[in-house]
Amino acid sequence: MIILNGGSSSGKSGIVRCLQAVLPDPWLALGCDSFVDTLPARMQASDRGIAFAADGEVTVGADFLELEAAWREGVATMARAGARIVIDDVFLSGAASQRRWRTALGDVPALWVGVRCASAIAAGREVARGDRVQGMAAAQALSVHEDVFYDLEVDTTHTESLDCARTIAARVA
Amino acid sequence: MIILNGGSSSGKSGIVRCLQAVLPDPWLALGCDSFVDTLPARMQASDRGIAFAADGEVTVGADFLELEAAWREGVATMARAGARIVIDDVFLSGAASQRRWRTALGDVPALWVGVRCASAIAAGREVARGDRVQGMAAAQALSVHEDVFYDLEVDTTHTESLDCARTIAARVA
Amino acid sequence: MIILNGGSSSGKSGIVRCLQAVLPDPWLALGCDSFVDTLPARMQASDRGIAFAADGEVTVGADFLELEAAWREGVATMARAGARIVIDDVFLSGAASQRRWRTALGDVPALWVGVRCASAIAAGREVARGDRVQGMAAAQALSVHEDVFYDLEVDTTHTESLDCARTIAARVA
Amino acid sequence: MIILNGGSSSGKSGIVRCLQAVLPDPWLALGCDSFVDTLPARMQASDRGIAFAADGEVTVGADFLELEAAWREGVATMARAGARIVIDDVFLSGAASQRRWRTALGDVPALWVGVRCASAIAAGREVARGDRVQGMAAAQALSVHEDVFYDLEVDTTHTESLDCARTIAARVA
């Protein structure tokens, strides 16, 4: 299992698609975006679910955390059942988010990858994407990495997604 | 857990969104489309993955089946961990597809729902959607239901998604 | 030129795709959604652009109306230059919206089509779509048709998109 | 009017969204992708419409060219009617594509911008996007610029979309 953690617009999804292309075996891609997509529409803008403030702050509520915990258990089971999985996540609670994954994964081996991007560059890419609340990239660029342990870090500020993916893939083969 | 089975363009996704809206508790929506989205791009048009023929026939290969089995185990774990889950699937192998779910689910209680739609109507809705290979709706309208057992059947030919969802929800509450 | 007018979730887009499929010549599909997509992101939630209230009310501002007028002129030119065009629009100002189109079109022949759908049914389909502000369907179901003149009306309450499209196509051939 | 020309995955769309964000006036974004979206589904994979070969080659047929010419006339009318418009296009026929735009535009003032990206980098970004036929980026990286005249060129190989947009915007203000 490969777990990428990085702020919004740091380039995680691009790296995931490149990893799926360069790794010879088939890897499933899952992550916080695919989890949010499974939620009822009413939870995607609610106190008990997930809410995106106009300034880019993201808050999650009790129902979100409970369902996410169950989802994480399920992802760990998929890995134990033989699926290779690459996760892209945003550790909104930094080290605490990582601990939740560690608990769920138990003995499933994981490669922890930090995806960094200079805050100003990520904020510019957020504008270029056009479909994200402005401010998330800057708000998350540093905070999601606080006290998180990595096997490997990549930085998309000056490195292309495909090159980052090759660096990661070299650690998996 | 609620498991909907029906052919392409029979109206499963609409029913799922309505179920998420009318059920008071939050339910996660997962299904064959969300599984296919997790696959590497190269498997989405390949012999070992999933292939869509020009006439609407869908074939799945060894890698697809193996990863799908692991994914199904994971979904069962999510349910055991407390998540309410509604699945929409296309039982390409009819009763054999259902058996695979039963094995994965074990003792997890499930409500089996058949989603029917007259073949000609489903084919027309496939045209109206515009983003599907023409022919899938007709090819699957009957075959996916062969020898499948249901607790409940709904038919979208003359019934709206929201009404179908209310019928199903009444069996869950 | 074919101009469809109807409230949100009345089924216009499905009819457009069916029209493009059943009409032997190639027809371009344009409409209010494609126009909104051309706007700067910041205008898609602003007083001067277009704003969607939580209750489903839609308001448009000065910049929106000015750019839309220029866009309408351009669409009329496309038709004069030989393109067959089907428009799907929401006449937020009823008869006044139709007058704006008439002025822009001048001598370009147009088939005016009203797309009706019972308010409660459209509201249910809005839930099933899951990507629209709830309330738009009900708010617009009747108001967009006020004092509008039609050559032809279709009603998606009990009629499939493809059948509506065939009825319209019969008037064009 | 601003007209961007560049190969697939050279970064045009990101620059367009940044231009819309940094330019104080509202600009409409139109381009080859939005034109293709208006076509009937059957023309999006056909000899008379547009076809994407497995190796990334793109060919367009008679119906496509005829409708595109009418569309181009309409876009010119929108500009004459007062709309500020930024176009992103792929000049599949190089200088001949530019001539077609010049003829349609007549006296409408235009800023011609070349968007370059090193072929290998564009090919890598094509992998990272995941939704494009592999090979288009490399096939188009140089050919679309052949004998085309520009007022300004930007290169996304080492420059962010937002910085490219600022360079272009400085020429418009």
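Letters are used for the chains, namely A, B, C and D, taken in the order the chains are written, and counting of residues starts over at 1 for each.
Throughout what follows, contacts are C-beta pairs under 8 Å (C-beta built on N, C-alpha and C of every residue); 3 or more make two chains touch, one makes a residue touch a chain.
Please read these numbers as outputs of a predicted model, since none were measured by experiment.
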Partner chains that subunit B and subunit D have in common: A, C
Counterpart interface for A-D, drawn from A-B, C-D or B-C and sharing over half of its contact pairs: B-C
Identity of the chain that, by mean CA position, is farthest from subunit C: A
Contact-richer chain pair [C-D vs B-C]: C-D
Centre distance in Å when subunit B and subunit C are each reduced to the mean of their C-alpha atoms: 32
Approximate Å spacing (C-alpha centroids) for the pair subunit C, subunit D: 27
Where subunit B touches two or more other chains at once, by residue number: 17, 20-21, 41, 130
Touching residues (chain side subunit A, partner subunit B) in the complex: 17, 20-21, 26-30, 34, 37-43, 48-49, 63, 66-67, 69-71, 73-83
Contact footprint of subunit D on subunit A as seen in their complex: 13-15, 17-18, 21, 121, 124-125, 127-130, 160-163
